[in-house]
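Inspection log for the structure reproduced underneath, given as structure tokens.
Chain nomenclature is as follows: A, B and C, assigned in order of appearance, with residue numbering initiated at 1 for each chain independently.
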Amino acid sequence: MKNKNQENKNDSRRSFLKSSALLGAGAIAGAGILSSCSNEPESSGEKIKLLTASGELVEVDPSQIKKLRKEKLSELQERGREGLVGHHWTMVIDLSKCKNARKCMAACQGAHELLPYQHHINVLQMQDAKSTSPYYMPKPCYHCDNPPCTKVCPVNATFKRKDGIVLIDNERCIGCRFCVAACPYSARIFQWHEPDYTEEERNRIYDIELNVPQKKGTISKCLFSADRLRKGELPYCVSACPNGVYWFGDKLEDAVTNGTTKETRKFSELIKENAGYTYFEDLGTKPQVYYLPPKNRTFDYEPKKKFLEEGEYPEDKG
Amino acid sequence: MSATPNSTSESGNKTYEQIREDLIRPLHNNSFWNQVWIRFLIIVIVLGAVAYGHQLIKGLGLTAMRDYSAWGMYISNFVFWVAVSLIGSLISAILKLLTQNWANPISRISEMIALGAITMAGASIVIDMGRPDRVLNIPLHGRIQSPIVWDFFVVNTYLVISAILLYLPLIPDIAILRDRMTKAPKWQRKIYEVLSIGWQGTQEQWRLLKKSIRIMIILILPVAFSIHTVTSWLFAVTLRTGWHSTIFGPYFVAGAFVAGSAAVVIAMYVFRKRLKLQDYLTDHHFNMMNKLVVLTLLIYLYFNINEYLVPGYSWKRLDGDHLQELLMGHEAPLFWMTQILGMVLPIILLLFKPMRKPLPSMVIALFVLIGAWIKRFLIVIPTQFHPQFPIQNVPEHFTHYIPTYTEIAVSLATLAGALLIITMLVRVFPVVPIWEEAHDRGIHKIFKAEK
Amino acid sequence: MVKMNHMKSGIFKIGSLLAAFLFVSFFGFAQDFAPWPVPDEASVVKNPVEANKTSLEAGKSLYTLQCKACHGETGRGDGLIKAASLVSENFQSQTDGAILWKLHQGRGQMPSFKALPDDQLWNVINYVRSLSKKPEDIIMKNAVVSLFFNEKAEQKELTAKVEQVNDNGEKLPAQGIKVNVGVQKYFGILPISSTSNYTSENGEINIVFPNNIIGDENGELTIIASVDDMEFNPARVSENISWGQINPKDYWSERRALWKNNDYIPLWLLISFTVGAISVWLVIMYVALLVRKIKIEGDKSGLSD
């Protein structure tokens, strides 16, 4: 239906919660109970009644839920750190198609539970020189092959996976923000405030591939929607674009698919035909996001002064 | 720089007993103003702790740091404290190895400052962390590739070395205090008892002590240079304009000696006045110390010219933007004030001997020290507003950085913390080494413990 | 289900916006667009292209590429953004000329398609007209498609054969049927080009298979052929064959690099850091030992006094 992103997001969350009946129950019904019970001694012998996702009522020991949560977390961490081995994800952004509709930003912020001014992907209004034509440029994380950010991380909380994605682990991050300082592309954001979650939402099991729930004092950034890739789906931003700006795929199998038209093309051909390039190659970061030049544009450039008016930032008054 | 102290003419006729009593006297003197000072520092620290507690609960959102200026005042404080702490190595190690004996009476001051500063450098980095509860992740999951891990290691090592280097030359003095300070409170006597480790002043003990000190003053040099070089690498290893500079290591080290020397001049002035040490911290010491300040300033000036002239000449895209802002734009008043009042003018003024007298030189040193702090602020912050891509689609206040009250309160608390550490050390230990002072005045008796 | 209404107002805004879309798509089919007046001289332009099968199929292809994202698969305006319904009476009451004019102009979120040749746009218009027809109007036929591989010397040839299945189970070669042949990739099917997508009189299309398609680690490819014809129910076949280039699947090399974790730390760094750290601390230990000796010495001489 219309709200594809919303639905996908809910889908992912739903399947995520269902992944284990008991665990699902723990996450849905037990999160609140859990927090209230966490102070009790583990061998209380007390049972908690939980409704499983399949509708059965079961009795479990509170410590059981805790253990399962831990197991689930470490399982997610493990596969999240390993990545989808045998792939090398890449994105191609066709600047001639972008009209600054910002559906990508909205879909991304919805999926990763970000505020309107927190950007994993940011559509910039660019003009390379006074005499040159301005254009819109969506800027996600470039998932560099020589990433300056993961180089400097002191605790391996941001790392490059075997499929090329630069991921973050907010169960590990110490919040030193060295990676923010090191990234020349301003791809990283920091959770300066406590995210406005309910107790229940905050207690969800941390999904490293979605970076949700967001955590105060840690980093967030574009993850190429690692959770969607695992399911064989295109990233949130890619599938939300109405104008065919984004191509996404696996460089190793030399194929990229357009998120709007679902057309699949050879990556090498697409880049060759359209003179694709990456930004600031001279920095030696080897970005994995390619751009096609803004030639023969579908839309005219209309400058937009402000993203949001001042005072529309609900949390951050500075 | 001459090794012959002209102070001998003023007070060279003091006996060992006089020297000893002069230097121990301040320890008996727990004056009203001293009490007020300590209480004042504690209040500042408590206020800072409250602000920090608030920050812990609410998050770093209470600071003015945001996604573009992700590092702010806390990191510049950290760099500043690391810089100041380097003075311990300059005076006690470098000058000692160069047999600049005039500096012996101020070596302990510099070591106390070093200890206070390095402690606060460590505190500053924890204060800046978004998740200080996970600080143990650094030793647990440390990636050796990260300069933060190097910094973590080297700050802790330097802290230990500074403490040892402060302690070793103190041993004979502590033994004197153990024997003389019989009226001190019990806890104080206990400290002397334990820390004097049974010092009897035997020949063997002297041999071992001198050997230990010699090893430490050599060891502290590479560690001191690493600590500030690594700190500069936190910036220099990034691909950011204004940071990504090959001379950042020596540039920071030179700047550190400036800041530390200025801090020593101020401390010398305060101790001379408050502890009535005019006979020990003489005009000669101020004269020599300020010559050292000029020397370090000149080296620092040289690096400054390198640091700004080269990118300013080639005017690359982002370097140009950054320097435009720094030299002619928004940051220019602060920048030029720092460069002129904190560096150029002090060099010129200190070339004149009257300016190297205690009071004028202390005032100049204050300017130099404040300038040194602002300079670090100007190194850390403006660069972050010149990323490769334009800053767009964020609230207006993301595009500038003005510290909040929380940051100021916490920063002042670190300053008070360093001062409190120094104050407490001065309360308990003589600020001028007794045995060294006597030795330098030609009293060549080996100090046997007096029973 | 985790409720979303606690989220930040921005997310809430997006949510409510989406809810609004949902509402509109169910009950109003997005009718709240401002009128888009068309000049009379444009309205009277006649559609020169006959709405035959070829035109409709060509129109469908182009519609899928350029229009579907917003106007939706069935033209109800239920795509990724708020778009006009193409099946509404309001829309269908216009002349073909008026639609062409709008395609040329573009408005708001809708781009101008002036760059495309008019006959292609007429095909799309024909296809859009067909969208409002009721599905019962067409009786769908059944077909099966099969794949044959032929490798001679240097050349690899692929044949897709379509046979119509009659009610009595009889199979006959079907001519003039559009068949899409492609290779399965992670997110979609990469089309393999051929001169004609339409089957010959013996129900076949022949494709010279390109050599530069990347397969899996053994060079194996999944080839998919599907019938894409308005008169036929969807039919599809997929076969595996090792005609591809070998995919090393090893973009991640095990080399040591600065950005790797400690398992792949560069040796020079590991050695210099460890050696430096250990030697400094050995010296500190040694000094601690000397201090201990001072103490022992003190105790000794204290006793002898």
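Everything that follows uses one rule, which is that contacts are C-beta pairs under 8 Å (C-beta built on N, C-alpha and C of every residue); 3 or more make two chains touch, one makes a residue touch a chain.
This one's a predicted model, so the numbers in the text were calculated from it and none came from an experiment.
Chemist: Touch graph of the chains shown: is it line, ring, star, complete or other?
Modeler: complete
Chemist: Which chain is in the middle, if each chain's centre is the mean of its C-alpha atoms?
Modeler: Of all chains shown, the one whose C-alpha centre lies nearest the global C-alpha mean is A.
Chemist: So using the touch definition from the top, which pair is joined by more C-beta contacts, B-C or A-B?
Modeler: Looking at B-C and A-B side by side, A-B shows more C-beta contacts.
Chemist: Where the centres are mean C-alpha positions, what is the separation of chain A from chain C, in Å?
Modeler: 19
Chemist: Calculate how many whole Å lie between the centre of chain B and the centre of chain C, each centre taken as the average of the chain's C-alpha atoms.
Modeler: 60
Chemist: From the mean C-alpha coordinate of chain A to that of chain B, what's the distance rounded to whole Å?
Modeler: 43
Chemist: Would you pick out the residues of chain A that each touch at least 2 other chains?
Modeler: Those would be 151, 156, 315.
Chemist: Multi-chain contacts in chain C: which residues touch at least two other chains?
Modeler: In chain C, residues 258-262 touch at least two other chains, as defined above.
Chemist: Chain B: which residues touch two or more other chains?
Modeler: 142-143, 145, in rising order.
Chemist: Considering only the defined contacts, which chain C positions touch chain B in the complex?
Modeler: Going by the criterion above, the answer is residues 258-262, 265-266, 269-270, 273, 276-277, 280-281, 283-284, 286-287, 290-291, 293-295, 297-299, 301-302, 305.
Chemist: With touch defined as at the start, can you tell me which chain B residues reach chain A in the complex?
Modeler: 58-61, 63-68, 70-71, 125, 128-132, 134-135, 137-138, 140-143, 145-149, 152, 234-235, 237-240, 384, 387-398
Chemist: Please name which positions on chain B make contact with chain C in the complex.
Modeler: Checking each residue of chain B against chain C gives 142-145, 150, 153, 157, 160-161, 164, 168, 171, 197-200, 202, 204-205, 208-209, 211-212, 215-216, 219, 222-223, 226, 451.
Chemist: Where on chain A is chain C touching in the complex?
Modeler: 1-6, 10, 13-14, 17, 28, 85-88, 99, 101, 103, 106, 109-110, 113-116, 146-147, 150-151, 156, 159-160, 162-164, 195-198, 200-201, 204, 232-234, 240-244, 248-257, 260-266, 296, 298-299, 314-315
Chemist: Using the touch definition from the top, list the residues of chain C that touch chain A in their complex.
Modeler: Interface residues on chain C, with respect to chain A: 1-3, 6-11, 13-15, 18-19, 21-22, 24-25, 64-66, 68-70, 78-81, 109, 111-112, 115, 182, 185-191, 214, 217, 247-252, 257-262.
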